[in-house]
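Sharing a structure with you now.
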Amino acid sequence: MNNVVIENIVRADKAVTDAFASFGVATVHEAQGRRGLLASCMRPIYPGAHIAGSAVTVSIPPADNWMIHVAVEQCQDGDILVVAPTSPSDAGYFGELLASSLLFRGVRGLVIDAGCRDIRALEELGFPVWSKAVCAQGTVKETLGSVNVPVVCAGALINPGDIIIADDDGVVVVRRDEAEEVLQKTRAREEKENQTRARLKAGELGLDIYDMRDKLRNKGLKYRS
Amino acid sequence: MNNVVIENIVRADKAVTDAFASFGVATVHEAQGRRGLLASCMRPIYPGAHIAGSAVTVSIPPADNWMIHVAVEQCQDGDILVVAPTSPSDAGYFGELLASSLLFRGVRGLVIDAGCRDIRALEELGFPVWSKAVCAQGTVKETLGSVNVPVVCAGALINPGDIIIADDDGVVVVRRDEAEEVLQKTRAREEKENQTRARLKAGELGLDIYDMRDKLRNKGLKYRS
Amino acid sequence: MNNVVIENIVRADKAVTDAFASFGVATVHEAQGRRGLLASCMRPIYPGAHIAGSAVTVSIPPADNWMIHVAVEQCQDGDILVVAPTSPSDAGYFGELLASSLLFRGVRGLVIDAGCRDIRALEELGFPVWSKAVCAQGTVKETLGSVNVPVVCAGALINPGDIIIADDDGVVVVRRDEAEEVLQKTRAREEKENQTRARLKAGELGLDIYDMRDKLRNKGLKYRS
Amino acid sequence: MNNVVIENIVRADKAVTDAFASFGVATVHEAQGRRGLLASCMRPIYPGAHIAGSAVTVSIPPADNWMIHVAVEQCQDGDILVVAPTSPSDAGYFGELLASSLLFRGVRGLVIDAGCRDIRALEELGFPVWSKAVCAQGTVKETLGSVNVPVVCAGALINPGDIIIADDDGVVVVRRDEAEEVLQKTRAREEKENQTRARLKAGELGLDIYDMRDKLRNKGLKYRS
Amino acid sequence: MNNVVIENIVRADKAVTDAFASFGVATVHEAQGRRGLLASCMRPIYPGAHIAGSAVTVSIPPADNWMIHVAVEQCQDGDILVVAPTSPSDAGYFGELLASSLLFRGVRGLVIDAGCRDIRALEELGFPVWSKAVCAQGTVKETLGSVNVPVVCAGALINPGDIIIADDDGVVVVRRDEAEEVLQKTRAREEKENQTRARLKAGELGLDIYDMRDKLRNKGLKYRS
Amino acid sequence: MNNVVIENIVRADKAVTDAFASFGVATVHEAQGRRGLLASCMRPIYPGAHIAGSAVTVSIPPADNWMIHVAVEQCQDGDILVVAPTSPSDAGYFGELLASSLLFRGVRGLVIDAGCRDIRALEELGFPVWSKAVCAQGTVKETLGSVNVPVVCAGALINPGDIIIADDDGVVVVRRDEAEEVLQKTRAREEKENQTRARLKAGELGLDIYDMRDKLRNKGLKYRS
C-alpha cells in the first residue's frame, strides 16, 4: 500500500480524545499496561506544551517533505500530524509555513521522527512539535509516500485515527478502539495516584503504602549498619 | 555485597557540604585536580537548579525501581539520591510520587544514570533531577539491588556519604574525607578567578595575565599576516 | 600550515554581515542553495540568541584550549569565534572567563564543535554559545594549533572572515566573497515566504499555492477512502 | 493483548519461505517497494550467514528474558525467532543454551533488538543472530510479555508468521499474505540485475543503460573542465 | 592521588588468574552475581582472542598517551593493561610499537576505554585489544596521569591487581580478594550449564528443566490459539 | 558551485600515489602532522584491504545516489570514489552493480560517509568500501549534486585529485600538492619506527628510547610502592 492517500479516516469520539489532554503521558502509558510509548529521543521543541488529538499519519521518504503538503489537506480540527520517514533522517522537514497552514485547520501539533526548524517562530505561534532533532536542513519534494496508512514512528505503531497524547515527558499512542477503556483506566489511575501523593507528602513511606517490606525480606534483602 | 542496605552511613559535616552549593561544578572539579566529574550526558531536567548534598547511593537493576523505594527510608535532610543501574537503561525510574516522598525528608535532588519522568511536575515541586534521559517508560518492582554501597554512576565512582554538587554544567562528586580540603581549594580558586575576571573585563588579555607569550614562541607558534 | 596565527584577516563588509542577523539560519541556508549548514548536534546553550558575525577560526587539539587564549587577541568587534578540535572532544574548552575577555572586544558569540561550561554565567553575561555538549571538564594548555586557518567545524568548512549566522535552529556559514549575493537571495526568499505565509494563514493550501496536484498525480499518487 | 501466548500461528508456504534464502536482503527490500527493512543497527554476530524463515515473535520486558523460554516451545522447523523489548535494552538476553534448544527444534536464527552473548559458541554451533549489541550482561526472569503478537522490532512491524530474510546487509520482513507476490517480484528483479551486471562488467555505463543523460541535463546538470 | 605511579602492586595467585582463561566472560559475570562487566562498547579488534590476567591500571588524560609509556615498565608476565581516560576520547592511544614493548614483558592484552590503531599489525603480532574505537588519530605526550590507581574503565571500577577476563563477548573484572571464591563459583556454574546444555540439545525444554510453567501461570500468562 | 561536474581534474603523479599504499593510515597521518584523518566512524566493510588512490569526489543529496552514476564516467584507473551527502544519511547508496562498473574502470575502492550494501558480494569482487554504516535501504535518483568539487567527508576536507589512503585503521587524505613531501616524510617516519620497533622488541623501554624520565620527573611524577 504505497503512494496512497486514505481520505475520511475514522476518528475517535472527540470528547474522549480531548479528555486525554488532562492526563500526563506517563499516566496514560501506565494505565494501558505500559504500551504505546514512543522512543525517548522524541523531545518537545519548547517546554510546557501538553496536547491530545487524533493521528493523521504520513509515511515519507528520507529528506523529502512533499507528502506533508499532501497531508495538510487531510487534517481537521483536533488532529495531530504524525510523520515517519521510511529511513532515518534528521533533516528539517517542517517549519513555520507548514505550521501556519496546519493552525488554520485546527491541528494541535506535530510528532515527527526526524528534524524540525524555525523553532522560535513555532513557539511564538504556539504550535508544539515533538521531534528527534532540531535541524535547519531543507528537504526536497520529489518522491511520493502515503498518508493515513499505519506507520512505525519512533518505535511505536500508529494507525490513522489513533489518539496521540504528548507532553514534556514524551509521546504516547492509544488505539482508537481502546480509547474509552483506556480513558477510564487513566482516570482511575490518576485518582489513585492523588491519594498516594497525599500520603507520601504527609511522610508515609512507599515501603508501607505498597506493603513491600515482607516481599523484600522474602527476596533476601539484608539491612546492615 | 549484593542485595544489602547499609544504614546509618557517615556523612560529611553539614556546614562543609552546604558551603559547596555556593560554587559551580566546574570550579569544584578544577579545585580538586579535575577529578570526580560525571559524564556530560547527565543533564538537568530544568535550568537553574544548583545544589550540594550528601550522597545516598542505589545500585539498581535495569528498568526496575524497587530499590528506590527502599532507599527513601535511608534518606535524611540534606541528602542527594544517586541511582546507578547495573546495566544501561533509559527507563523512567523516577517521577512525581517518589519526589514528594523525598521532599518530605528534606532530600535536595536526584542524580540518576537513567531516565526520569513527570518533569513538569518535578519543576513545579522544585525537585531537581540530573538524568541521561527524560522517558515516561515505567519500571517494574521485581529484583533487588543495594543501597549505600559504592556505585559507578555516569562513569564516576560515588561512595555513600560523598558530597555531590550539581548545577547547569553537570554533576561532580567530592570524597567525604577530602571535603574540607577541597572546599578550601575551591574557595581559593574562586577568589583567584574573581581577580582574573576583573582584569579580563577591563581588557587585559589572558596571554599576558597568564604570561603565555614566551611559552608559545618556544613551542614554535608563528604569526603571519 | 600547522601552528600558525594569521593576523589581519579580511572580513566582509560590516553592514552586509550585520544585515544577516535579521534572517533565520534556515532562510539563509535555503537562499544559498542548501549549503553551509553545520551539523544539527550544534545547539545553543540557552534559547533565543540570534547573531551574525565574522568568523575567527581556531584549529585546536582535543581537550586543550591554549589556542583560544591566542585567538582572543585576533578578535575584534563584530566577530564570532569558531573552534574546531583536530579530533573529537566533548571537553569544556570555554567558560565565563574567556567570555568576559571576548565581550570586552565586542565578540558576539562562540561556535565550538566540543563542550562549553559555566552556561548559567554565560547566559547572564549574554554571551551565546553553540556547542555539541555542555561539560564542566577542564582542558590543558600544552599543545599548539592554529588561528585563522580554514577549519572543518561540525561538518562544514569555515574560512576566516566567512560570515556565521546562528539562531535557535543552528549555525550556517556564508562565504565572504558570496556574502552580498547571498544576502540579496535571502531577502528575496524572506519576502516570498512572507507572501506565502499570509496565504497559508488565510487557509490556502500549499498543494494549490505551489501547484502540486498535477505533479503528484503524474508521479502516481492515489486517493482512496 | 498483554501476557498472552498465541499458539498454532499460520505460517507461509514453506517452499515460498525457503525460496527467499536465495536472494539478498537488499534485493527483497527493493522488490517489495523499499518496505520492511529493520534499522541498520541490526548486525550479524558473524559474517556469512544468510537465512529465511517464518517469524515467531516475542514482546519482552527490558533486561528480562523469561518469555524467550516460553517462545521456544512455540517454534518449529524453519522458524526464525524475533525478539523486541518493550523499552530499549542492550542486555544479553540470549546465548548458547537457548540456541541449543532452538537448534533442536530446527529454528534457523534469531533477530533481537537488544544484546546477545556467547557469540563464539554461537558461531561454532552455526546459529546466526542479528542483534544491536554483543553484551555479556545477564537478564532476569520475573516479568511476563507475549509470544506471537505483532511487534515493532528495530523500527519495523513484524507479525507472527511473516517471513524474515537476513544476511550480511541486515534484516527484512515480508508480510505472509504478500509472500508469493514478493517472491515473484524478487525473482524478476534478480534476473534484471543479472542482465545489468553483465553489461556493467563489460564497461557500459549506468548513465547509458538507464538512459539518464537527458533527464540530468533537463534538471540542470552542467559539465565543466 | 594524582600523578603517581604505584610500584610493586599485589597480584592474585597466578594459577587462579590463569584458570579464568578457560571460562567465558558471560559465565564469570553470572557466577559473581552479575557484577563487574564493562560496557558493551568495549569490543575486540579481532575475533577469537580469550585472555585472563592481572590488571595494571592507567588513569590518563584525553588524547595523551604519555602515561602508557610509564606503565609499560610496571608490567610483568601475565598482566593485562587497563587504560581509562579522565574525559572521553576516541583517539588512537595505542599501536604496534607499544604492543611490541608489552609483548616482550609477557603482557597478554590491552583494555582501553578509547581508541586503538595498527589493528592489522596487532592481529599479526597476536596482541589482543578491547577498545571502544579503532582510530588512527595520534596522541600527545604532555600531561601526567597515574599508574596503578583505581580507575573507572567503561563504567566498571578496576583496581590494580584485579583479574581481567576478556573474550568475544566483552570484558569482566574480578576483585583480587574474591578471586578464588569467584573461580569456584564459575566452575560450578560451568558444570551446571554443561548438564543443562546436554538436556537442551536432547530436546528438553527450559520451561520444564527450570520448572517455569506454574510460576508463569501464577503470574497470569494465558495461552490462546 | 552546485549541480556541476568538473571533468579532467588534475591528479597527483601515479607513482607517488601508488607508493602510499605501502604505508599505514596511521603512519601517513603522523607524517603529515596529524592532519587529514577522516572520522573513526568510517570502517571497512571487510578486514584486510589497504589501498591508495586519487580522489574523485561526489557531493550528493541525502538518500539519493543519482550522482554516483554520473561520477562513474569521471573515474579512471587508480581512482578512489569519495561520496559525501549534504545532510546525514545511513542509506545504502552503493552496492554490487555500481562496484562492477567502477571495477571495469580500474577504481580501487569507495569512501562514503553514509551506508553501503551487498557487502558479501563486494568482498567476493574484491572491491573495498569504507562507510559509516552497512544498510540495505535503497536510494532514489531525483536530485542533482556535484562531481569533483571540494567536499567535507566524515569531517575532513577532500579536494578532487587529493590522495586517499585507507586501511583497517581508517582513511586519511593527503593534499595533491603536498604529496611528494608527505611521501618523503612518511618514508622517514616508517624507517625510524622500524628502528624503534627493533629496540622495543629487544626489551628496551620507550621511557629510555625517548628519554622521558627527566621530563616526567620535572612535571612532577612520583613513584610509590
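Think of it as A, B, C, D, E and F in the order they're written, each chain with its own count starting at 1.
Following the convention adopted for this analysis, a residue touches a chain if its C-beta (ideal position, glycine included) is under 8 Å from a C-beta of that chain, and two chains touch if they have at least 3 such contacts.
This is a predicted model, so every value here is computed, not measured.
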When you check each chain against chain C and chain D, which touch both of them? A, B, E, F
Contact-richer chain pair (by C-beta pairs counted) among A-B and A-F: A-B
Same-site or different-site touching of chain A by its copy chain D, using the half cut: same
Take the average of all CA coordinates in chain C, do the same for chain E, and state the distance between these two points in whole angstrom. 42
For the pair chain A and chain E, the C-alpha centroid-to-centroid distance in angstrom is 41
How many angstrom between the C-alpha centroids of chain C and chain A? 31
Show the residues in chain D shared as contacts by 2 or more other chains, in ascending order. 34, 37, 86-88, 90, 135, 137, 143
Work through the pairs of chains, note which ones touch, and then classify the graph as line, ring, star, complete or other. other
Touching pairs of chains, which are they? A-B, A-C, A-D, A-F, B-C, B-D, B-E, C-E, C-F, D-E, D-F, E-F
Chain C-facing residues of chain F, complex: 2, 33-35, 37, 39-40, 86-88, 150, 152, 155-157
Name, in rising order, each residue of chain E that touches chain C in their complex. 61-64, 86-91, 135, 137, 140, 142-143
Inside the complex, what are the residues of chain C that reach chain A? 24-26, 29-30, 34, 37, 40, 43, 47-48, 50, 167-170, 172, 193, 196-197, 200-203, 205-207, 210, 212, 216, 219-225
Could you please specify the touching residues of chain A with respect to chain C in the complex? 3-8, 46, 66, 69-70, 72-73, 90, 92, 95-98, 100-101, 103-105, 115, 117-121, 133-138, 141, 143-144
